[in-house]
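Input: structures, listed below.
The same chain A turns up in both complexes below, where it pairs with chain B and then with chain C.
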Partner chain A sequence: MESDEDEVMQRVPLSERPEWSDVTPVPQDDGPNPVVPIDYKPDFVETMDYFRAIYVADERSSRALNLTAEAISFNPGNYTVWHFRRLVLEALDIDLQVELDFIDNIAKNNSKNYQIWHHRRWVAEKLGTDAADKELEFTKKILSADAKHYHAWSHRQWVLLALGGWEDELDYCRELLEEDIFNNSAWNQRYFVITRSPLLGGLEAMRESEVSYTVEAILAHPENESPWRYLRGLYKGDTQSWVNDHQVSLLCLRVLNTKSNFVFALSTLLDLLCHGLQPSQEAKDVVAALEMSGTVEPDSDLAKSVCFILEHVDPIRANYWRWRKSKLPHAT
Partner chain B sequence: MLPTSTWALRKASPPKIRPWVSFVASYDPGHWVCGGGVVHVVVAGCGSTDHRGTLEYPGRTVTLEPAEGEVCANCSMTGDFGNCDMYKAKLVKLLWVLWVLAMRVSNITFGRAQVAPPPLDRAWWKMGGLAAEKHIQYILTVEKRKDDFISVVMEHLRMSGAYWGLTTLDLLEKLDTVDVDEVVSWVMKCQHESGGFGGNIGHDPHILYTLSAVQVLALFDKLNVLDIDKVTNYVAGLQNEDGSFSGDIWGEVDTRFSYIAICCLSILRRLNKINVEKAVSYVVSCKNLDGGFGCTPGGESHAGQIFCCVAALSLTGSLHHIDKDLLGWWLCERQVKSGGLNGRPEKLPDVCYSWWVLSSLIMIDRVHWINKEKLVKYILDCQDTENGGISDRPDDAVDVYHTYFGVAGLSLLEYPGLKAIDPAYALPVDVVNRIVFGR
Partner chain C sequence: MTAAPTKTQQEQWIVENQVFQIFDLFANLPRNAKSALVELQRDNHLEYLTRGLKRLDPSFCVLDANRPWLCYWILHSIALLGDYVEHEVENNVVDFLSRCQDPNGGYGGGPGQLPHLATTYAAVNALITVGGERSLSSINREKVYMFLKRMKQPSGAFRMHDAGEIDVRACYTAISVASVLNILDDELIQNVGDYILRCGSRKLVQMGVAIEECLLKRVIHWIEDSLRLVEKVFADLYNIPDKYLVPKEGNTNISSAEKPSHGKKIRSSPENSKSTNAESKEDAKNAEAETGANVGCNRRVPIEKGHSLLTVRRVLILVLHLVYAHILDMSCGTTAPHRFEESEGSQLDDTGLFPATHSPGGCVRIRGALFPSLGQGKSVQGRSGAGGVWDELEVFSIPNELVLTLMSCQTYEGGISGEPGAEAHGGYTFCGFATMILINEVNRLDLAGLLDWVAFRQGREGGFQGRTNKLVDSCYSFWQGGAFALLQRLHAILDEQLVNFGPQTGVASDISGGEESSDGTQVDDKTCHFKLGGTNASCPVNLNSIGYNFVKQPGEMEALYHRWSLQQYILLCAQDMEGGLKDKPGKRRDFYHTCYSLSGLSLSQHSWSQDEDAPPLPNAVMGPYANLLERTHPLFNVVLDQYYDAHEFFDTP
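Entry: the complex of A and B
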């Protein structure tokens, strides 16, 4: 934001620029006695006064285009200015590739702004499938600075669906997860790709390889919420396969055996038990071992024991785990 | 009519059955609590803040699950009786007894009561935990600061700023410090001929600011100045073929806009102007594997989007589309060690999620799964106790947006001295009662 202000400091007032001499500025109307008067900076006020003038006159000219750029540099959130800019762009039939560069520039400091992304999509839509690569590249650049950038991900998903470019997307997700395995956005994108990419054959076709990938990720960081949820998502609509897949229960046991960072492993085991998993002797032993190491009273009902332990190791959510316990069918 | 504002369910341990009623002063001077000692009966469907309906979709009853080994021994209703005399108080008590009697005689049981954690520690209030006066001053002066970058970026969303500031004032019971006519005439100047409102005078209409304008008018009981058909036609006109909503004529689609449209039309009682079924099915199509919702189908779950989707489903009587237990767990996983809430896994906590996460949890009846005391403490830690205002995280700069979400979050947590806020309409409960139920 600082750089914007420097620029503003050196600017020549519009009232002193010859090309604007024929325009009478239109001041902001806050009413006679504004309730919430805002004291704006004079440069901003002047720019907006001139903008109002051309907006009211509906002047779709190249100086109008330049003025919207100035107004946007003051406040990229002003959607009215963006709207008007689109009308001018349409009227002047400007090369939209240049417009993409303009957005690149504005986005450098203001990438969390809804208007920029909406404008970007409007331009990309006009450019069509040719824009796909450039748009994927653009979002990649934003994501390299902030890998969980919600707008960038949203735009990227739109590009894939509307313009294509799925070829390298799974690889891209892998790259991001290598950088940060805790990146929930990248896990979400991975799910988006395996369920929606026209090139991959859908969830069931991908399940085997994805389960192995996810199991590895979990073993590296069992405290990571995202892959646990991803793993469950891989069995969407097929709970029986999830319960019966030994890889899942084995994963839980492997994590539980380490006796650290096991909350998600334990809660997954609880879910499996609630869905009818018959616990192995090993499962009973490993849970008993956790009970021994804590101050938790042993219970003959395995699911109940699991709830007790969770209540103990995750006290901030104790009410949740107590509720889970109350929902268990009574042990026979 | 009994003055209702919030429900408080109190735990008695060991469980005691007090057959009739108790009448005790509440935590707050000037307020009284009528306590009903009816075990296992929730007096529901009578204005629970989290189960409000609309005229089209009447209020749903409370269905709260019991925690093991606990019973609800005391459902109480707090109301603002002002400095009422004992005569009036006794009358209220009598009405309460009759009401409870009627409930018992007709054997209406709406389900067993969830025992909420013990009421928030009174000590917080006594210590003056919430710097209410400072926040009021902050709100009243915030827009007058000169040469402030914020004042420039706020210009186009002044309508939302007005909604945040004025709602905060109302929750702090200080809305009367504002000149109603001036606000209303400014709001109306922001209306566009299409019926929609802009973020400020002369700005293009957008659904975001249309809801803010309607909410501000609702706060002041001034909805009558609106040409309801004109506004609602604008909103309804933004619905797309697939049931989703655009934000304005430029066609950006987002589940935020679905909520905004539905909330706006609910306040104005014109939900029948849109295809509710399609609107609901679009929202449901944005549901993710973790039970949460994103901005478009496949978009990552985000607490802000979840609020929008849950509230949209709540206002249309469609909460059955939600896997409440799965979503509730995801939402309560958002609480981090400091007590604050984040909006996505592995993100930093932020006061605004006290609203987005908390209101969602309340709408799906799972708010008791988080640690409320710790969250209250986190919000209070984010106050600027010297100059007023609340920030996103402790020691950051304050702003109106976070001040609103902090105070609204505390209101949802039943913090003493604050008006109750409705989790779906995002307006004080008394305002919702007035506009939706005509009380």
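Entry: the complex of A and C
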């Protein structure tokens, strides 16, 4: 019932199709001197003219459904057409599984548009929990081509919340991160899973194992911002534990000791100090060593020293680090 | 963790190579050639833009539902360049956009299309950019207001269009339009902040329990409890005559199973209700779960001997809903905007506990918590009397707004996401941030966290990336650079949050005592109502002057990003010398990137002048001083002079 590419290629104009003979096309009311006028192709104009006719007449028929498919294939961004299509689908009581296939087809060309995903969510919502597996599979397919696809991730999160299917999600995150440990979307999803999955024990219960996982990831790539932010997120709402957890400060020191790729280690140390971490002698020594190797004047206030170093090793954020320095609480 | 570079690394290195090649080339050029390269190609840009206004090739078919956007991108770019279109073209813009204006309010993507919030935002901004009586008066503000009200959801958020998607973008475009048109009121802002934040987060943090932990522990406890009740509920349900039950068809296809029953009324016998009531008296929380489950089972769960796994799963989902609802209730306890006692016109069901009010969005209120109904766009027929919640309540629905509202859009990274739970993103961060300022609730954001996140979005290329570990893109010159421009004027709140940055409060969001917001305006009672624990009582504010006061006040500190590097990226890497700007080297120019690169460039040039009316110093402008663009309003992104005219125009009664 839907037009695929072949049909579009040898498209019979609507005006020559007998089933449309009773419809008078409604041209677009662009006025005499439109701005941003688009040099539409004739097929586009005709399809939209017929679409306007049935839209204005509110004709919720199967030919209307087919016409929306044609209009969508010309411009998947036309939310009015999608909206009307939903009205028609509801009126005709169409098998929505078929509708999923239609969306699959449209998404093949370009899935970065709000309408496709909103429509997909609408259909999946109607299908209910049975649709969970298929939806997870669908997003997985999109994500295999573009692992940071924003719409796909949003849809996937919605599916999990609304329809369930949490069982393999943490594994899926692990897989994606094994493939690309820099994939921040996968880290974000991991956070979503450990905080929201009803199958896991929640943030606090997951913290210990997640911290080990994250520490390992950081040590492999200390320049990777994602696990650093994730690590901080693991203590969200519980800053005291974050400051008191030796693993965190130890991690910073380990990275700082290597004297390379240490911007995130240093900025984490700064945050820890701002939140009341009492620096160990080792921390002072490590920072002092970085000062020696650079052009930075040693300072008795460790947090200040850290800001100084950051200002020099991370010049694009020099303003930010200077500002951070100006906001440091007075040395205790 | 493998030795081979990952996809992210490879792509990043490719872009870095391209960019650094350009910089190297530039560095080695003789002086005069250098200045030619960093020159903004005004004439070419203007020509490219003006041409677009007059004709677009067939490839623009995919933007046929975005024509007000095209108008805005082009006209705003022209205005930033300090130029304007011929009077006749201005008239054509007004005529054309009037054809996009819906008789019932708002603007669609083209003539005859459904009104949409994003295109309404674009059309309004375009018309303000054109300016003048004819243009400004062509906007039917009363109707726009009605449109905004129609898009407003009970959760506080907005839908993009009739039955359209809900996200942070919708909040921003709605609030921005209302603010700039001087039609923003308490009704429109109600609970918007809650959507952008997380309802009641402060209270939970104060309790020393992160919502996630609290939530999940309770989920387990509740599921155990509720399962016992569910058994009971099912037993009750078997007493209901078969004709009232949803027949189960084939392979549990809910939608088809449900359809024939749509008009049917399902109600329990009074005995059932009473027994439920008796149960509920034992424990208010359990009762909530129980009655909810009753309703849900009635409506959506096919009944057969022995509960299928599916049924149990659905029940569990419902229980989850109720836990969320419970937490919502708990966390909003002090201000209690959601408690049923306060919901107007609510009707109690026969248990007397649960008002069966149907809110306008087709949602059902149960103990004040909102459950979006499944039949979006359809009105759910609620009846008072014996039926009560046993009527056609589709409680067994997807936890759209409710759950999502509970979850923060400000993510653990510090930036803001499009929907709660999603990844922090530059575009949504700007939208969420600007919205919170316009509704006078910005102190509820963790600004220090936001600043830290956005500071790290500027890369070695000089431009901004949209998300952590993504590639640089010139459009974020505005979205991320805009966040800096906003932060510059929120110095006081930022300071306040830093003072409370102590170990006890955890996140910096726990600020109180904001008697005055940084824009110098004060906060009125109604707004205070939404501020959890805020101490800013008795201070009248005109919501509609927030945007005006905000920009009238000079930045309180230097922009905290590397302005020079950003300008270098825009001029050298994003500029098409033939006219127009692009995402990054190797990409093609387009109107969107032209608009947002220039907007970001303008912000970075004007980002810091002590004296409000003084032009920026030459050292703030990379390249010849003629590169200086017009100032843009950092909240609305319309050129400032045009904004002032519009403000005056709409401010005049």
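Observations on the model:
Here is the rule we go by: the second predicted complex is superposed on the first by the 314 of 332 C-alpha atoms of A that agree within 3 Å, B and C clash if a C-alpha of one lies under 4 Å from a C-alpha of the other, contacts with A are read in each partner's own complex, and residues count from 1 in each chain.
Operating definition for what follows: a contact is a pair of C-beta atoms (placed from the backbone, for glycine too) under 8 Å apart; a residue touches a chain by one contact, two chains touch by 3 or more.
Remember, predicted model here, so these are calculated numbers, not experimental data.
With the two structures aligned on chain A, chain B clashes with chain C. Chain A is touched at more residues by one of its partners, and among chain B and chain C that partner is C. Of the two partner chains placed by superposition, only chain B is touched by A:K325; chain C is not. Judged by the touch definition given at the top, the superposed model places A:A57 against neither chain B nor chain C. In the superposed model, A:A162 lies in contact with chain C only, and not with chain B. Using the contact criterion defined above for the overlaid structures, shared-chain residue A:L200 touches chain C, although it does not reach chain B.
Judged by the touch definition given at the top, the superposed model places A:A289 against neither chain B nor chain C.
By the touch criterion stated above, A:L92 is placed in contact with neither chain B nor chain C.
Of the two partner chains, both chain B and chain C are touched by A:T80. Of the stretches 6-14, 150-158 or 222-230 listed for chain C, only 150-158 runs into chain B once the two complexes are overlaid on chain A. Chain A uses residues 28-31, 33-41, 44, 48, 52, 55, 74-75, 77-80, 83, 86, 114, 118, 121-122, 148, 150, 153-154, 157-158, 182-185, 188, 191-192, 195-196, 225-226, 229-230, 232-233, 236, 316-320, 323, 327 to touch chain B in one structure and chain C in the other. Residue ranges on chain A touching chain B, taken from their complex, read 1, 5, 28-31, 33-41, 44, 48, 52, 55, 74-75, 77-80, 83, 86, 114, 118, 121-122, 148, 150, 153-154, 157-158, 182-185, 188-189, 191-192, 195-196, 225-226, 229-230, 232-233, 236, 316-320, 322-323, 325-327. Taken in their complex, chain C has these residues touching chain A: 1, 6-9, 52-58, 60-67, 70-71, 74, 88-89, 91-93, 95-96, 99, 108-114, 116, 160-165, 204-205, 209-213, 215-217, 219-220, 223, 251-256, 259, 300, 310, 313-314, 316-317, 320, 374, 376, 397-400, 403-404, 407, 411-414, 418-419, 421-425, 451-453, 455-456, 458-460, 462, 467-470, 495, 498, 501-507, 557-562, 565.
Residue ranges on chain A touching chain C, taken from their complex, read 26, 28-31, 33-41, 44, 48, 52, 55-56, 74-80, 83, 86, 93, 95-96, 114, 117-118, 121-122, 125-130, 147-148, 150, 153-154, 157-158, 161-164, 178-185, 188, 191-192, 195-196, 198, 200-205, 216-217, 220-221, 224-226, 229-230, 232-233, 236-240, 243, 267, 274-276, 315-320, 323, 327. Within the complex formed with chain A, the chain B residues making contact are 65-68, 117, 143-149, 151-158, 161-162, 165, 178-179, 182-183, 185-186, 189, 198-204, 206, 248, 250, 252, 288-290, 294-296, 298-302, 328-330, 332-333, 335, 337, 339, 344-347, 368-371, 374.
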